[in-house]
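Supplied in structure tokens, the structure appears directly below.
Letters are used for the chains, namely A, B, C, D and E, taken in the order the chains are written, and counting of residues starts over at 1 for each.
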Amino acid sequence: MPRKPMLDIERMRSAEEALRREARRLLADGVVSVFLGHEEGWDGLAVPSFATSPEDAEKLVWNPLVAPHLAKYLLDRLAGDEKVGIVVNGCGSLALERILKDRRFPRERLYIVGIPCTGILDPARVADLPPERRREVLETGRAEAGLFLDRCSWCDVPNAVVSDILVGEPVAEEPTVHEYPRAARLEAMSLEERFEHFKDLYERCIRCFACRNVCPACSCRECCLDQWEPLWLGRATSVPEQQMFHFIRAFDVAGRCIRCGECERVCPMGLPLMDFNDKLLKDIAELFGVERPHVPTDVEPLGRFDPQDPDFEEGAE
Amino acid sequence: MTEKQPLRYAYYPGCSLHSTAREYDLSMKVVARAVGVELVEIPDWNCCGASSAHMTDPFLGFALPGRVLALAEEMGLDVVAPCAACYGRLAAAREEAARHPDYVRRLEKATGRRLSGSSRAWNVLEWLCQERVSAAVREALKRPLQGLAVAPYYGCLLVRPPKVTRFDDPERPVTMDRILETIGAAPVDFAFKTECCGASLGISRTDLVSELTGRILAAAADAGAEAVAVACPLCQTNLDSRQEAAGLRQGRTFDLPVYYITQLVGLALGASARELGLGRHLVDAMSLLREKKLA
Amino acid sequence: MGEGGKGMAPGPVPRTTKLVEASGLDGWLRAVAREARVWAPVKVDGRPPLFREFGAGEEDRLDLEAVRTVNSPKGALLPQTEPLMTYAMTKDAESGRPSLDLERAAPGGPVVVFGARPCDAAAFELLDKVFLTGDFVDDHYQARRAKTTVVAVACPRPDEACFCTSFGLSPGGTRGADVVLYGRSGPGVPVETVAYYAVAYTERGEAFLAAPAARAAGVADVPEDEGRCLEEVVSAFRGLGTPLGDRLGRIDVAARLDGLFDHPYWEKVSARCLSCGACTFICPTCYCFGVADCGALGKGVRYRYWDACKLPHFMLMAGGHNPRPAKSNRTRQRFMHKLNYYHHRYGEYQCVGCGRCVESCPVGLHLPLVAGEVGGLEG
Amino acid sequence: MQPRKSGGFENMAESASRPEEARPAETRPAEEPGAGWEPVIVGFLCNWCSYAGADSAGTARMVHPPNVRVIRVPCSGRVNPRFILRAFQRGADGVLVSGCHPGDCHYSTGNYYARRRLVLLKRYLEYLGIDPRRFRTHWVSASEGQKFADIVREMTAEIKALGPGPKAKLGELV
Amino acid sequence: MKRVGVFLCWCGSNIAGTVDVGRVAEKVRLLPGVVYVEENKYTCSEPGQASIMKAIKEHDLERVVVASCSPRLHEPTFRRTLEAAGMNPYHLEMANIREHCSWVHTDREEATAKAFDIVRMAVAKALRNEALQPGRISIEKKALVLGGGIAGIQAALDIADAGHQVILVEREPTIGGRMAQLDKTFPTLDCSSCILTPKMVDCAKHPNITLYTYSELEKVEGYIGNFNVTIRKKARGVDEALCTGCGLCQTKCPVKVDSEFDVGVGKRKAIYTPFPQAVPNKPVIDKENCRYHKTGKCRICERVCEAKAIRFDQEDTIIEEKVGAIVVATGFDLFDLETYGEYGYGLYPDVISSLQFERLINASGPTEGKIRRPSDQEVPRSVAFVLCVGSRDDQKGVSYCSRACCMYSVKHATQYREKVKDGRAFVFYMDIRTPGKAYEEFYRRSSVDYGVEYIRGRPSKIYQKGKKLVVRAEDTLLGRPVEVEVDMVVLAPAMVPKHDAAKMAQTLGVSYDGYGFLNEAHPKLRPVETNTAGIYLAGACQGPKDIPDTVAQAGAAAAKVAALFSQDELTTEPMVARVDEALCSGCLWCKPVCPYKAIEAKTITERVAGRTVTREVASVNVGLCQGCGACTVACRDGAMNLAGFTNDQVLAEVDDLLADLRPACGV
């Protein structure tokens, strides 16, 4: 059964201290020219922060709201050869691994500070709480499971899978039985119901590309969705084009999706985008016996094969 | 699977254990009790269909054992089937269920019971030698069968077809040998471990059966066996009841008691001859044990 | 240019005023929907409300309570995807000589935007300035605009993202609206509005209230003795403040920004930008669009679609040159456009303080933040 | 829930300008099932086995329905899932992908990769609400002209019964 | 828009009989881009081609579409036509309106409509065709032969005699392979080593052949004409240069172990040459068993060696070679007989394998050719030979027939009867297969002249009875069970692929079948080529064979290599993958899916916003790439494209086809 996410404010406070100390050192000693972390933004929201001086390091935070993953921002710093510092928790390190395995940023230019993690809250859900309850949650850490990010519910990587230094005690890793309730729910529907479900999604989508732009697996220099020749995707927002958009977006990360759900979190229209990815993760697990499809590997599931793979002429059809 | 198995089993005696093979039934229960395994006889169990059913109608051949499995699933238990034929049919049914979903649907329609394949059948040998049971036997061992040279005779059904039974080498099985070693007896390796005893021809073609059993007994005796151990009612009957005729054909006399493996295990666990039904044999089963100071 | 706001002069003169029961609204809409396409705030099973076309039998989904819809109503005037014309290349069977037939997309029918907040209504006027004034008039926009009636609903309880007052607008404002509905119980009261004063400020508005549809739906005259109450309610709405607006005060940074084009600030503030189009697409005043063809075999449609200055490919030219390669360039473009260029051109800011960017930006990079920060920058 | 077949709610207003009746495709008689309606099936065939298989169906004059339009690709591994959705999006009523039998790939392993992708895709399209019977994947060797003909026959019949493809539900591109 | 000319072929009545070509022509004429349409009775004919060339000039066509038969038939023809007209041959597209249309449809209406669609798609694709230029690659005229059995030896000699350099790599300490273990060869019964050893010596002496024994292939890179191979030469423990092969070390070595060469029926020392005629005749030290290596004491061999050639501390050496072609002749293994528990192999000492029997009757074998059974060294008075142990058995073995067992068992029975005059030889068989010159006669002789007794039936059981072995089977000719008591049983195991055949295949990048035998490019027409250009097959690595077939195939492979080496340059197919470096993100997920290892990373430098940036991109080796296109699908941003089948072209085919059949965009 999936692990139960929880908050340990004390743990976070000390992690924050250690984080600032480490960042300060790295910047002061010129080990890194910039350190990617989080700072307090508008209304206490944790937003990505880019510390370039030891003073900046003081602004860094590590609190229940540090939901945004930072790895994708490395692509803004491809030019040049200066070292970049970055803080990751377990899922954040998956995003980083994704970027590294996709060879989109050189490992040797990174200094990775890992922070063991027991759970992070979904900022949107916290924002919806009445002010006093919000304060209570953030101060005491007493938060019901429903307030956490979805990815916390199945997390099997509490500690960074890749890091140069780990601050704070590692969290015991519990084996997780991976389930895909989102996909299962939809699979139970009829073909028609499913079509309508997604049609509704297509119709609400405004194609702002937030989902793609935040996705650590979407790291192409030029996304095929932006290309004009060939025109993979028409610019019209009609249902068929929206279907194509979401098909390409999800299927192109099939086998590389880390199941972080950031696409869904940043969607301004609140679309259930993980309904797509969940299915692909589930099927990759089922069809090709990949136990942890969300963990980046040296060869992606669709980049290898087994002569004994399920065949469509018997079975799959 | 084995690890997760609770020490509770659905028990499928089949027809023989309630008739010709009562001592098998008795000794089975004695052993189970001694090693702390609970056998729950499947309520309203039906004939396994061997052999006539699957010879005449493939679906019937599947449905009869299929229903038994369905019943076991309702109990949430795996099945122990001491009779080799029953075991064979139950195992086969599970295979066929996987290959013919349509069969399953028909069965479910006919019986109104679900068949998911969650329960499987165990034969006595694999049941006895699974880690926890054999450990328990070693624990409870009271009277090691020192110096008793026994020919482990598996018969043809228990290990065949290997794709279905999947528990021991069909040509050179060793499970029963191991069990005999566990209880201190001396297993005798011989070439006829899995030869056919003639099975149901024991009624129609006694001449053949005498010939076949004769060869088996001869091979066992020549290999130095003083007794034969079996795990199948039909084998036992044939080997036990035909020794005279078999001897005549082979031009020699046989005097090899034919024990059910469970009787020997029971004996080693300290059960009495009565409890184990050792008096029910045709070839005197007691005198050998007495001279070996085992009963 | 300002209107309403604390201690402001009263706005334009009402032409007619009617009273309508909240319970009568759905009937009214049903009636209206017979002659026109109706756009309104629609709430479907608990999800945040959208401003979209109102489908038949959706009356019970009308949501005038929510402070704001996720998206703005601008799609009613400027569809995200809008066919401009069809084209077809044909060949003469004999000579094989090719010819090209073009056909302008037919103009749409009447549209009623019902239940827009005053900020969204005001946004329409900002769009008008772009599409209807100056040397180039966009006839597609014009045709649609000419057939559009805007019915606004005064904002009873602005939330912490609201800052229309920072631009001299107000929760009870009338800009861009033909009719404004004022909750009879006045602003701030946390109970569901049971009845509205419907005040027409334009001819079209007057006609709308006079239309049979309105009468049929029980849009009635205001009882004599309620005159004063009406006055109070309206001015109460007009005078209502906005939490964020009060925090920011009046935003007037056009002059400030003149000197900040090359300021490192843009580099810094844009660092966390995702380069997505969320802010522009949900913004009621952003209007940038691209034009593309859809077709094959020499036949197809030329259409326009929303584009966003934040998207990496915005302004990418055929030759492959991108004048704004870095997201800092694009971020600067967005805010300079709203707070400086537009102001220079039209004398006001291209923002109505609806607060959608505050709500929607995944990384908290939005106009009030920038407006506030540039205020404190060294030139 | 949406009243009209059209793009997202943003261009509802726009679709006012082009009322349903005026829209071709959806009301074209050719698109109505039954009377005279013929399915269009786009077939991606690998050059070495399946295209050759279709050829041998021809050489042996194995008559089959004319509903498949063949696109020749070097290997089933060349078939990008996007091509398949594209075909549906543009109005295909069915899509067939066929390659060499596993182990016989002219490029030794191309069809193994294709198989992974396509098995996944098959499930995914169904998940998206596209009837799985509209997307078929087969192994047809150069000698299996008969098999190819049979597949075309089956598939055509099946899709005739299903009626017009996803586009009928998806609506226009603009 | 490019100017397209469309040429519609009637193919006599083959097309015109079903398709109204005229109507198709009218409609095609109206397609965008089509500036010229012409009908021909036979486009492939001289006049047909001539009129294409004429039209190209007169209407300055830029693309040509020929609507006729399958491109698999005439694409090369018409490409040549275009070339002759001074046009790039890859500006041709073919519309297959015969095999895919007129031949398989009967309704004229339907067929005509479909024909139009097919042409339309071809036009759509043609409009996006690009001029492609075949590449040229040089050829390293040196061959690598893997495996020093008869196949490898033959291939090496033939290539060397053709005047090319050959590197012969053998895993064992000596060349010779299986054939060296055999006593006599059927059907002529001439002595195996008498015909083999001379060839072995030739190999060693041949000026063009470099011999690496006790060596293994480690790595293969590159492509036809330009393979870079890495070979590991395992440490022999003996300095080959100094060793005189006197053999003293072997006589003095105190350690005795089972001889692999004698398949366990004989012994060898810890320092040894597998057999007296070994080539090279230089011993190796078997580290696992050498007393010095195990205990640090002994070194007797070192002491007795007058040449001072012993090198205990010798290490493996890595050899790198550049070759233009590779012949794989890695041979076969024998089926594991213990799979058949009922036959008691490994249980009863007198149940042996055919190969062991070869050693027993071999004059240079452990018993100097005297047939003695292992258990008690007695001469067996009766022997049963059991065929198809593993072969033709779906249940426990392999489905195929191993082809040689019948004949060598016939040979064994005959040889046994020659040596044991009063002995009885029984052969248990399913069928006796004698497809070969003088095979059947040989078989008949065995029963008529040598009284070998043939029993048709696969034994069900073999068991010991006292000193005898009882073979039980059903005599399927008499239709009743038989039991035969014999002194010894010889099992004929199936020939199976080398245990590491699959690994070898992967190293080489060639495909293999379900059993692990390497695949030929075409079972009939390209029996010695593989699908990887420049790699050829010889002998049992491709499937069970007897010696004549093996030698024949080895010769054929050699001929292919010689043919390849007769050219100085190769032209490469231009329809290959290519990278748009501007797009390529360098993720290299295209790399693992390439069956030909044709994709590598490459570092490029570019100017971005005024500063120089170096980054990695994928790069395709056109020599290796065969144009399958798998990489294009693995490539998400479309940086990888396939010339001749570009994304653009496929999408155009789809769009244009459906734009007409299912008009979209409300037009």
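Convention: a contact is a pair of C-beta atoms (placed from the backbone, for glycine too) under 8 Å apart; a residue touches a chain by one contact, two chains touch by 3 or more.
This one's a predicted model, so the numbers in the text were calculated from it and none came from an experiment.
Asks: What are the chains that chain C and chain D both touch?
Replies: Of all the chains present, those in contact with both chain C and chain D are A, E.
Asks: Suppose chain centres are the mean of their C-alpha atoms. Which chain sits farthest from chain B?
Replies: C
Asks: Between chain pairs A-D and A-C, which one is joined by a greater number of C-beta pairs in contact?
Replies: Comparing A-D with A-C, the pair joined by more C-beta contacts is A-D.
Asks: Report the inter-centroid distance (CA atoms only) between chain A and chain E in whole Å.
Replies: Here chain A and chain E have centroids separated by 47 Å.
Asks: Could you put a whole-Å number on the gap between the CA centroids of chain A and chain B?
Replies: Centres of chain A and chain B (C-alpha means) sit 58 Å apart.
Asks: Measuring from the mean C-alpha position of chain D to the mean C-alpha position of chain E, what distance in angstrom results?
Replies: Roughly 37 Å separates the two chain centres.
Asks: Can you pull out the residues of chain E that are in contact with at least two other chains?
Replies: Expected reply: 593, 609, 634, 647, 651, 655, 658-659, 663-667.
Asks: Please list all residues of chain D that touch 2 or more other chains.
Replies: 1-2, 7-11, 18, 81, 86, 103, 109, 113, 117, 167, 172-174
Asks: Note the residues in chain A that touch 2 or more other chains, in rising order.
Replies: 204, 206, 232, 234, 236-238, 302-303
Asks: How do the chains pair up in terms of touching? List each pair.
Replies: A-C, A-D, A-E, B-E, C-D, C-E, D-E
Asks: Can you list the chain A residues touching chain E in their complex?
Replies: Interface residues on the chain A side: 78-80, 102-104, 219-224, 227, 229-232, 252, 299-300, 302-304.
Asks: Quick check: in the complex, which residue numbers of chain A touch chain D?
Replies: Listed in rising order, the residues of chain A that touch chain D are 183, 186-187, 191-192, 194-200, 202-206, 232, 234, 236-244, 247-248, 251, 254, 279-280, 283-284, 287-288, 301-303, 305, 307, 309-313, 316-317.
Asks: Touching chain D in the complex: which residues of chain E?
Replies: Residue list for chain E touching chain D: 70-72, 96, 98-101, 103-107, 110-111, 113-114, 117-118, 121, 509-511, 513-514, 519, 531-532, 575, 593, 595-596, 626-630, 632-634, 642, 645, 647, 650-651, 653-655, 657-659, 661-667.
Asks: Can you list the residues on chain C that touch chain D in the complex?
Replies: Residues 37, 39, 44, 50, 52-53, 55-56, 75-77, 79-83, 105-109, 111, 144, 294, 301, 303, 306 of chain C touch chain D in their complex.
Asks: Applying the document's contact rule, which stretches of chain E touch chain A when the two form their complex?
Replies: For this pair, the touching residues of chain E are 582-589, 592-593, 608-609, 611, 613, 615-616, 634, 636-639, 647-648, 651.
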